[in-house]
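After this come two complexes, each holding chain A, first together with chain B and then together with chain C.
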Partner chain A sequence: MTKQAKILNIVQYIVLIILTIISVFPFFWMIVAATNPSVEVTKGTLTFGSYFTENLKTLLSSDLQFINAFKNSLFIAVITTTLAMIVSSAAGYAFEVYKNKTRDKVFNFVLLSMMVPFAALMVPLFRLFSNFNKVPVLENIGLNTNGSVIIIAIATAFLIFFFRQNTRTFPKDLIEAARIDGLGEFEIFARIYMPTMKSTYAAAVVVTFMTSWNNYLWPLIALQSPEKRTLPLILSAMGSSYTPDYGMMMTAVVISTLPTALLFFFMQKQFVAGMTGSVKG
Partner chain B sequence: MKNKVNLKAWIFTIPSLILIVSFVFYPMIQAFITSFYTGVANNLSFGGLANYQRLLTDTTFQKALFNTLLFLVIQVPIMIILALIISSILNNKRLKLRGFFRTAIFLPCITSLVAYSIVFKSLFASDGFVNAMLMNLNIIAEPINWLTNSTCARILIIIAITWRWTGYNMIFYLAGLQSIDDSVYEAAEIDGATGFQKFRYMTVPLLKPIILFTSINSTIGTLQLFDETMNITQGGPANSTITISQYIYNILFKYQPNFGYAAAVSFVIVVLIVVLSFIQLKVGDKND
Partner chain C sequence: MRVKKFLAITLASTMLMSVAACGSTDDNKNSASATDENSITIWAWDEAFNIKAAQEAKDIYLETNPDAEINIVTMAQDDIVAKLNTSLSSSSYDGLPNIVLIEDYKSQGYLTSYEDEFAELSDIMNQDDFASYKTAVNQINGKVYGIPFDSGVTATFYRTDLIEQAGYTTEDMKNLTWEKYIEIGKAVKEKTGKDLCTLDPSDIGQIRMMMQSAGAWYTDADGKVSISNNQALKDAIKIYKDMVDSGCVKQISDWDQFVGALNNGEVASVVTGCWIAPSIKMADDQSGKWAVAEFPKMAANEDSVNASSIGGAGWYVLKNVGNTELAKDFLKNTFASNIELMNSLADSITLVSTLNAASEGENYSKANEFFGGQELFSDLAKWTSEVPSVNYGLNTYAIEDLMTEAVQAIVGGADVDSTLTEYQAQIEAAIGA
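On to the complex of A and B.
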């Protein structure tokens, strides 16, 4: 290596190390803060303390209903993910397997919905869902219900597109063979396609769960009664306090980040594949 | 038989289509219609273009539009260039600890927007860690008012978004770079190309479709910016970080709800998304 190349090589490592520190530091700091009393945090401590259980106690005994919010978030994320896997994957599957001109046009129409900003839907959705509250049956998805957050996340253009792209790798011979064996179209989907496409489903589960877990704007609008709030709403409320208890706040942040962090560390490949959509991870 | 399969094919897609039409396309049309109505809450009356005329004289709206475009014009290029540089460094197969660096730089993507916003708000508070560190290092004498000075608040929002999303874009570029044959780079090295030349004349042109995709993606995301400004600065100080989405939220829930005007403001985002995506696609084509 020439001298210049050597210097360049060292510069590369220095850049990467600095970027790594910047990327990881907020995570380190939130754990430090969660294990220290608020006073220590404002003093700028950078060592792990032993105050975590105290912070946790403060958090749980506060009037924020943290456990309740955790349950709401978990319930919404699990149900959304389960329903989305059935509904969106069925659509993505059908758009690829039963291709024809009409369905291709409908699919392009579905894709168009990706361009629609949520900001443009805020007003009409809020009014629509408040009307649901007045109708029997539909009141289960009206404002201030878990259903209101679940129902709008079940079918998304992103997921349908993701499943359609990945269905291209699904061997079509399997479908023909199954038909000859006398399986119906729905059976083929449920008993052949679904088990074969496990890794696609895994990536879709990760990204759907995470999107739901982290969703903020629509729950902020739809879930205004305190006992219905999800974790991001609780965190947001804590963050806007004038006299924040940093220890307690970061304990809440750490606990709410834990599920997605675990997903990331145990399913890194699917996580990245899901987040980037059609690009193969 | 054929008809039966065709019918079943539609049954597979019907639930999704009903949901997307009900919760995206129908509300979208509703929003467009509502934007021509004026009045408070549900007492609406037809007002023609009144809401759109009001946009022209509404200084808060203009501030929100300016801020949103400012974040777009400054933050998106910084992030994309940074992500490109990182991914071309990480694409070097001789680099040690590649996987570690990649994972570390991607890590911010696992946080929820609200969670990281609160962490940044705490870190950059006037008595927060960043000021304490800068003062200990004697870089500054007085704490910087990150949250209460309008320029600093804007910089803070840009720092925060860049922290959260650079790793995300990097992953796209790394995937793209993997599909480029190493021999292309080796040939360039033999011809004496420097690192910068390889980056400027090879990496960037070869990744062009992906760069285009990510910049459209980031543009759409930035135009809808909400969670960060809402949780780090609350749009303040004096609306200096308020975004269009947050202004719509305020019109609906902070002031007396004005559905018609909020809908009109939201259509500005729709128009911006369509126009900017179109321009980016055009510019992307032209450079071929």
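On to the complex of A and C.
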């Protein structure tokens, strides 16, 4: 290695180390804060304290029903992710594989819905869902049900677009071959397409799960009773206070971050592969 | 993230207002969430304060009405606003509470947009029982809709030890003016190296307090935007600029740092609402070193008095949700009249009640050790009764967003008169006045 290359190397590492510290620091601070009483947090203490169990106790004994909210969030996120994978990937697949005249027009229309901010849809949706409550069967997705939060997240323009883009790299010959071998269209999708596109699914799972986990605005207005609330709503409720208990809040945040962090760590490799769009056929 | 949330909510609210204007006659009125006739729900924010108050009120009420079922729900204030706006504008009452806490700055906005949604409370409370500045905001068209709750009375909380090191005594803190306050601050900085107080450039609550101490607001008595010809506002901005220029204030950027500076002993004082007391008290090691003086007045402004307010809220009843009578009866027997409740809340959550008679409670005359044996509550209660009444108008926060920019420009050296004239026009355009 020449001297110049060495220096370059060192500089690169220094820059990377600084960037790493910047990205990791908030997490470090969050964990430190969870182990300290509120007053130490506001003082800016950066060493681990021994107050974690106390914070945990305050959190669990507060009537915000944290455990319950955690369960709700998990239930909604898991069901949403599962359904979204089936529905959105099927849509993305169909848009790419089946050719017909109006296909691109319909697809543009789907994309267009990405441009409408959710806040603009909020009131119409709210009124629609409040009417569902009066209809048998549909009442399961009416206001104040887990269904209301799940149903609007399972077919999103982003996911359909994402699957369609990735389907482009899916070798069409496989489909032809399968058809000749006598597989039905659904079986081709389920038995050939799905296993081949694993990494795409992995990326979509991570994105969908996180979006659902962090979803705030719609659950806020759709979920009415306190026992239905999800984690972001509980965290938000803790925040507005004259004398917030930062220790307890940070404990809650640490616990809320765990599922998404774990999911991401486990699927990191596939996530990156899926995002860059490579298919190992 | 906050900005995004805020934008979303603002946009949504605008949409909602327009939907509301269409006038919806939804047929699911009174499909009341409270299926049980004996149950009511209360929404409020702040677990350590409003929620605890509601819980104590509930306990008291249940003693005489054991059949009643009272559900108390903690929710962020912004969340309450978003949910109320969505539901009220689509006339959908599913899941709405019977009683809701609304901040004073926002109450006129609600009453103007949704007067029909709130129950009139004149029959369960007497306006004269409450501090006069609170009863200016809970009514519209001569009808009372809210029970005043906490006082946001302001005071100067200061460290006696640091003030003494700077060569001043508690006597000097009496009848305080902002000019004197800054003078003391410079001495404190020189002798102890500590700053006088914190200042958050993105939060001009200090200017709001100064204005109210002179009986003025961003809006005049009729609710019209009053910026360019507002002498109190000009005086307040001048003092604000003087403070920044004095070099004895510590700049901060959020609530966390604000409380941290107090707990760390980095600043010698804080001028703000009485609700800061519990946060100050968190630092056990500073016990006995704090004292409380009146809010400083503006020497240059004749109308300015040694009392003002920041924050504070009131309880409102949503009448189309159902069980209105029970909700009213609950408020009547608790927040509208119960002195014992107020007395006990003074102790448990350091509530300074706006119910005048509350100052007779025994906890109000108790000496507070943390504050050097001072009778904290009787002082705060006395100042509460002196707060000038102002009309908060409909858009305090919207105006303040723009005013924050204006103040920053002026602090940066821009001309006061021309800046305020420019912003008067901008604000009028923004809120469609």
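Please note the rule applied: the second predicted complex is superposed on the first by the 243 of 281 C-alpha atoms of A that agree within 3 Å, B and C clash if a C-alpha of one lies under 4 Å from a C-alpha of the other, contacts with A are read in each partner's own complex, and residues count from 1 in each chain.
Heads up, the rule we're going with is that a residue touches a chain if its C-beta (ideal position, glycine included) is under 8 Å from a C-beta of that chain, and two chains touch if they have at least 3 such contacts.
Since the structure is predicted, the reported quantities are computational estimates derived from the model, not experimental observations.
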item	value
Simultaneous placement of chain C and chain B on chain A, clash or fit	clash
Partner chain(s) touched by A:R127 [first = chain B, second = chain C, both, neither]	both
Which superposed partner A:F95 touches (first chain B, second chain C, both, neither)	first
Partner chain in contact with A:G44 - chain B first, chain C second, else both or neither	both
First, second, both or neither for A:L19, with chain B first and chain C second	first
First (chain B), second (chain C), both or neither touched by A:I180	neither
Chain B versus chain C as contact partner of A:V137, first or second or both or neither	neither
Which superposed partner A:Y242 touches (first chain B, second chain C, both, neither)	second
Touching partner for A:S225 - first (chain B), second (chain C), both, neither	second
Which superposed partner A:A119 touches (first chain B, second chain C, both, neither)	both
Most chain A residues touched (candidates chain B, chain C)	B
Intersection of chain A interface sets (partners chain B, chain C)	41-44, 117-120, 122-123, 126-127, 216-217, 220-221, 236, 238-240, 244, 246
Chain B partner contacts - residues on chain A that touch it in the complex	8, 12, 15-16, 19-20, 22-24, 26-27, 29-30, 33, 41-44, 87-88, 90-91, 93-95, 97-98, 100, 103, 106, 110, 113, 115-128, 151-152, 154-157, 160, 184-186, 189, 210, 213-214, 216-217, 220-221, 231-232, 235-236, 238-240, 244, 246, 249-250, 253, 256-257, 260-261, 263-264, 268, 271-272, 275-276, 279-281
List of chain A residues in touch with chain C within their complex	38-39, 41-44, 62-64, 117-120, 122-123, 126-127, 130-131, 133-134, 143-144, 216-217, 220-221, 224-226, 233, 236-246
Touching residues (chain side chain C, partner chain A) in the complex	5, 8-9, 11-12, 15-16, 19, 26, 28, 33, 45-49, 51, 71-79, 82-83, 86-87, 89-90, 92, 94-96, 255-257, 259-260, 263-264, 275-276, 278-279, 282-283, 311
In the complex, chain B residues that touch chain A	5-6, 8-10, 12-13, 15-17, 19-20, 23-28, 30-31, 34, 42, 85-86, 89-90, 92, 95, 100-101, 103-123, 127-129, 132-133, 136, 163, 167-168, 171-172, 175, 195, 220, 223-224, 226-227, 230-231, 234, 244-245, 248-249, 252-253, 259, 262-263, 266-267, 269-270, 273-274, 277
